Amino acid sequence: MRYRFALIRSFTLSAASGHPAAAGGRTKQESLPNHADVAHLLSDVDWELLAGPVAPYGDWAVENREEFALVGAARLAIVKQACESGKYNAIVLLGGGEPGAPAAREIARRYGIPVTSSAFSQMHVASMVGRRFSFVDLAESHSMHIYDLVLQHGFADRCASIRSINFPHSRPRYDAAGRDLHEEKRKALRGEPSAAVEEAVAAAVEAIEEDGADTILFSCSGTFWLRPFVQKRLAEIGWEVPVLDGLSTSITLAKALIDLGVDASGLVFPGDHPRRWRRKRTF
Amino acid sequence: MRYRFALIRSFTLSAASGHPAAAGGRTKQESLPNHADVAHLLSDVDWELLAGPVAPYGDWAVENREEFALVGAARLAIVKQACESGKYNAIVLLGGGEPGAPAAREIARRYGIPVTSSAFSQMHVASMVGRRFSFVDLAESHSMHIYDLVLQHGFADRCASIRSINFPHSRPRYDAAGRDLHEEKRKALRGEPSAAVEEAVAAAVEAIEEDGADTILFSCSGTFWLRPFVQKRLAEIGWEVPVLDGLSTSITLAKALIDLGVDASGLVFPGDHPRRWRRKRTF
Amino acid sequence: MRYRFALIRSFTLSAASGHPAAAGGRTKQESLPNHADVAHLLSDVDWELLAGPVAPYGDWAVENREEFALVGAARLAIVKQACESGKYNAIVLLGGGEPGAPAAREIARRYGIPVTSSAFSQMHVASMVGRRFSFVDLAESHSMHIYDLVLQHGFADRCASIRSINFPHSRPRYDAAGRDLHEEKRKALRGEPSAAVEEAVAAAVEAIEEDGADTILFSCSGTFWLRPFVQKRLAEIGWEVPVLDGLSTSITLAKALIDLGVDASGLVFPGDHPRRWRRKRTF
Amino acid sequence: MRYRFALIRSFTLSAASGHPAAAGGRTKQESLPNHADVAHLLSDVDWELLAGPVAPYGDWAVENREEFALVGAARLAIVKQACESGKYNAIVLLGGGEPGAPAAREIARRYGIPVTSSAFSQMHVASMVGRRFSFVDLAESHSMHIYDLVLQHGFADRCASIRSINFPHSRPRYDAAGRDLHEEKRKALRGEPSAAVEEAVAAAVEAIEEDGADTILFSCSGTFWLRPFVQKRLAEIGWEVPVLDGLSTSITLAKALIDLGVDASGLVFPGDHPRRWRRKRTF
Amino acid sequence: MRYRFALIRSFTLSAASGHPAAAGGRTKQESLPNHADVAHLLSDVDWELLAGPVAPYGDWAVENREEFALVGAARLAIVKQACESGKYNAIVLLGGGEPGAPAAREIARRYGIPVTSSAFSQMHVASMVGRRFSFVDLAESHSMHIYDLVLQHGFADRCASIRSINFPHSRPRYDAAGRDLHEEKRKALRGEPSAAVEEAVAAAVEAIEEDGADTILFSCSGTFWLRPFVQKRLAEIGWEVPVLDGLSTSITLAKALIDLGVDASGLVFPGDHPRRWRRKRTF
Amino acid sequence: MRYRFALIRSFTLSAASGHPAAAGGRTKQESLPNHADVAHLLSDVDWELLAGPVAPYGDWAVENREEFALVGAARLAIVKQACESGKYNAIVLLGGGEPGAPAAREIARRYGIPVTSSAFSQMHVASMVGRRFSFVDLAESHSMHIYDLVLQHGFADRCASIRSINFPHSRPRYDAAGRDLHEEKRKALRGEPSAAVEEAVAAAVEAIEEDGADTILFSCSGTFWLRPFVQKRLAEIGWEVPVLDGLSTSITLAKALIDLGVDASGLVFPGDHPRRWRRKRTF
């Protein structure tokens, strides 16, 4: 098998959290969110789904910078272990906000293993199929974390906007009940009307008509399920716009990097004892 | 077979031209330059190598803007025919300067077929593995055509430099004999010293040390054979820098786009009778 | 006579096409669209109007990238012939989308002859009189071709927007009747109300009030006639905004370049056998 | 007392590490590196020096992205505790690579407390006194972490270069002995020649003469002691260039923000339950 | 006393002008507009308020580029005198449009004295607390002068917009009566409704919601009094956005520069007889 | 006569100053520096040479920001008078550093009169003939004034560098004797070797080979005479690079603007009582 992937989740919550991810499933396929959407991409991959770290900040989904910093740091041990195991030739970091991604790439490069992640992969594919993309996001603090990622990856000139539908996850002192994204997903899959779908379509249309987006992305893995629904609706409206998600693009670019035999430039992710050093770096 | 590719050459010269491409080969593998470098990438592809148009400007390799415009226009009929044939699900445009690429993407989009090309593919992969890339180029006019492509694809901020080794192809009133890139290739493959290899390594090192490049690309298909030689030499020197070429990256990204089921945004490459139109475009 | 210009049209259609350009006129003045608007600029010019190539893609006006590539390549022979004739000291390329312009400049530079064209000239003059300009455009595919030109000429930071009034030309499977730009022109010249004028004024006002434009341009030669109408209306509204067109600015800049004795930098448009070559290019 | 600062160190090493920071001092003044350089700035401040977290990755100084991610996350608990204590009205994050800074700002904003840090503060002051700055850095991986910070803070256009003198700290499999920055500091303070001073001056001069820097910064707190030495030497050479460090600028900007009664925009660092949310963000 | 400031006004009008500034006050506190807002910042400053030059263009407030050029030049003699007096260790230039600022910085640098001014100081502080700011401005010509200042200070990428409330000062052939900003201030301070406050709040909200501003600035000293009113109203609405003004930020940054012992880079503001010169400057 | 120009000098010095400009000439042709270079451009112009203001700062040539501010303000009265006279349809501001230019454009726009100046005109023409230009400059403070002009005119992305040959004018405490630019000019015109010519050629070559310039400009009117000498030498070396100067380009663009019937956008240079105002400005 050419591809041997570790898919590493962002965090682990307790069963009591009520978060769908906590429930898990009997098989890895059942446990991987939106597996059906990517089954064809995984058909030639020998993959495992690795649990994320127990969320160090509390028993809820990651949303703000503090939580991303904590859970990102905690995920690095899992990344390192996956690299050391020798079982994988690529690592796919799950989670829209890609906690721990830059350090994970640095670690994996020591092993010659490429790492892909959600914002990274969506923005690169969006740049191939279009000129300017917009993210659909779900919460104030999360949006600014994504803002940081756009800057860090050097895509500010291609990001038309980050549009919010304001569907924050439950967290202490905020109960998402009545406006819960997981419930919206269940509704949509049952074919019932879903406010999240409606508002995501509206946000995408505004991104297209007002902000100049020609490609639509999703910034939180909790919203990746919206992709086919939004894609279908935009097509019906007449907007011929690609809609991407972080999981399918991450799997696809991981394969591409393996095929090409590259992982990351040693000048961008230097090792601790590099043979040569650069006198200067410029922007 | 999941992938069915048309690899379309840039131009066709006469046997009298002395150009290696003119000689061709008995098999498509023999005819495809540097096939050995990409054989593993084509192993799961049902591919055909389509001849390019007879060079409309004369019997020599394309190098300046006029020649690119003429041969690019001439190649479009072949692209269209490939699309209409229904035989392919992706088109790979050969030729470092990707003649005709923007119009080819527009044509192919009418058929839902992705198109990849050399500068496009190398720059996108370089952006994934590093921050800033440099091209190694071979002629004054060709360098400025590549300069235009960098601007057109929106990569000026990621292009550290276009470095030239000044190895122009033969053309009227210029005989490359004594400094012929095809001869350099033969020497290098025979294990003999090659000025082209030496000068390309020197250019790459200058790009790294002076211009800030962390990834090295080749702008002309006539230099793609240099990739493994330069990669090996940089590694020996101690520079851990990915070296890419246009053919392997074009094949790989074509697969990625097929896997994802996308070709190009309909807002960037609109059809002639779009269902919706945009009131404004911004940059 | 100081100025000896070749004005080269973009394409030639058949009389059966119904396109006004096909009809021609008895004199060059009658044949040059909007001659009255530029008569004072041509009064000290010895000029000829050269027919464009027969449209290679079909008997309709150029609008998408494929058509621009084909007709642009076809026009180069006429450019070369005009240069070789020794009769002209500047070439003015007609046509808003300036088909073939970059290669035409390369060709003409071998003869020391400056070339001006519509998007080029308008954007340069707009930069002199204002900070940010907007184009008024007429069709989805055409707008994206103009988008490419803005990037290629390096004016993305000065282009506030490309605003569309969606008045595509007739083409196979699209009959512009009832919304035909040529008919709008006739109406406007007769002093009758014209939807094209109204919508162009509205687009210009939106460009000013929402996009930050301080100068208005027209991207298609089929809309150049709108200039005086839009200029007058904006003045009436109270917006003191220059409105330009491609023909008057192209003639004017051609004179400026002749006066200064320059055509184009040999480093941007190198010849095939340059005496010196550059080791690197940067952005 | 108007100012009540918590100065929070980046990490804590064991006494066995041999790192000067581990030794500490009897007083906070002795424990604060380069206290003499900032004593006048702290004279009107009621300050405490809080120990950093025990370095989670091992017993050596932070240098690569993995280490920054781990120690940055570990420092957040200390930041939060400092905020909750009610004792401070500003937090100064020590450490050139400012581990944990973005999340620390988010946390402290909930308490209305400004946070300053080294790269942040130096780049802002450099922008006030000059147009373009260069950092003097000490290690390959550290340089790229600083590169990331420049991007994240939005200063790429003002950063002329990151110049390296390649003086990495000791770490597993690398013994800095013979080229140890702490030893260099001792030499310099004793008035003896120091290779680090010489090479930092040379790097600064190259930044000025070749890269266009008009202000010099230091990216690692292990090099802040170089400031007065480099400043003096540049003045002797005749270059009238401000040389800054992270500690003095961080203290100074913390005072400025307190004086102005601002900490950070709630739109950049939103709380978890904001009263209002933005429909879109742009760049 | 650590800080000894000269606060230099922009211009002097006659008592007959009716301008509040002309009236002056018995004490410097009474004469300094909005003194109450900055009293705490001046408590540790030994300051004098220096009269500006008699307005050379006429007896009204400065508003357009001509007036700024004239009054800016006239103010330089006062700046020079203040420097020569040896009484001050910083100069604070009053006036939102900071007339004469660049030359004033050049002059003062010969004496090692830092100079701060309104647009400069607000934009630097805004960059510390947020990512993108908007100015609230009051007149067409004044807005474009501010536009120039944003460009000159290199903040175009951080300026979300300049929003106008169109409240021009009285000038020949324009009587502001009925819409007079000074009268608005009196109303607001009396607790009465003020159109200026209402329109400034509306402009700030549009800047936040439509333009992406996260910090609000005021471009004319005639509007600095609006700061606390707008700050309070935005807080009530729920927008947690810092609102700044030019006076408080100028005083604060002047202190910061004094504390750090820096004024301006000698490469940006070279003296007339520099010891060294640079072969090249880049952007 | 179609063109009626006022050529306005920057300043007037006393005969005792020894400055060539002070000497003047019997005719306007003799008084206009480098008249021979532009005689053909003035042949269809009815022009007058207006004296500049007596230098307000002292009896030497303008070089630093203070001097530019003072003499720029002083020149405005002459500009206004020229406009009011009704004798001219364009104003050409002499002087490389274009003192007073922005305000002069604002003033002249009230009369519908275009204004051109040296940096403005050279940069616009350079953008037409090439992609990136370099200035050759003569003094530290003057270089930074030019730096400001590049930013103000929005050309930072097209300016490859400002190269200095360090030939400052005489001023208090600096006697240029032995390295006097006016003496260099006399030598060069006599056909003798000139250090200024040699160093300017060297600077131009470095700009081309190292900085990426494809067009060469001169930033000070005291160096405009170098243009034909540098042009000739670059051609001999084999660099096919346009060399421009401020006088010929200013005259030429003034004609272009008159021909087109435009001066400046009323949104960039608003009048004092505009009929309409903009709610926002963006960058």
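Note that the chains are named A, B, C, D, E and F in the order they appear, and that numbering of residues resets to 1 at the start of each chain.
What we mean here is this: a residue touches a chain if its C-beta (ideal position, glycine included) is under 8 Å from a C-beta of that chain, and two chains touch if they have at least 3 such contacts.
As the structure is a prediction and not an experimental result, all values here were calculated from the model.
Undergrad: Within the chain touch network, how many edges lie on the shortest path between chain B and chain E?
TA: The fewest touching-chain steps linking chain B to chain E number 3.
Undergrad: Where the contacts of chain A and chain D overlap, which chains show up?
TA: Touching chain A and chain D alike: no chains returned.
Undergrad: What is the chain whose Cα centre is as far as it gets from that of chain D?
TA: Result for the farthest chain: C.
Undergrad: For chain E, which other chain has the most distant CA centre?
TA: B
Undergrad: State, to the nearest whole Å, the distance from the C-alpha centre of chain E to the C-alpha centre of chain F.
TA: 31
Undergrad: Hey, how far is the Cα centre of chain B from the one of chain D, in Å?
TA: 45
Undergrad: Which residues belonging to chain E are in contact with no fewer than two other chains?
TA: Residue numbers touching two or more other chains: 131, 147, 154, 157, 160, 211, 267-268, 270-271, 274, 278-283.
Undergrad: How is the touch graph of the chains shaped: line, ring, star, complete or other?
TA: Graph shape here is a ring: one loop, exactly two partners per chain.
Undergrad: How would you write out the ring, from chain D onward through chain E?
TA: In ring order, starting at chain D and going to chain E first, we get D, E, F, C, B, A.
Undergrad: Which bits of chain B are touching chain A when the two form their complex?
TA: 40-41, 120, 124-125, 127-131, 154, 157-158, 160, 208-209, 211-212, 214-215, 237-242, 244, 248-249, 252-253, 255-257, 259-260, 262-268, 270-271, 274-276, 278-283
Undergrad: Quick one: in the complex, what on chain A touches chain D?
TA: Interface residues on the chain A side: 56, 63-66, 68-70, 72-74, 76, 100, 102-103, 106-107, 139-141, 143-144, 147-148, 150-152, 154, 156-157, 159-164, 166, 171, 173-174, 203, 206-207, 211, 267-274, 277-283.
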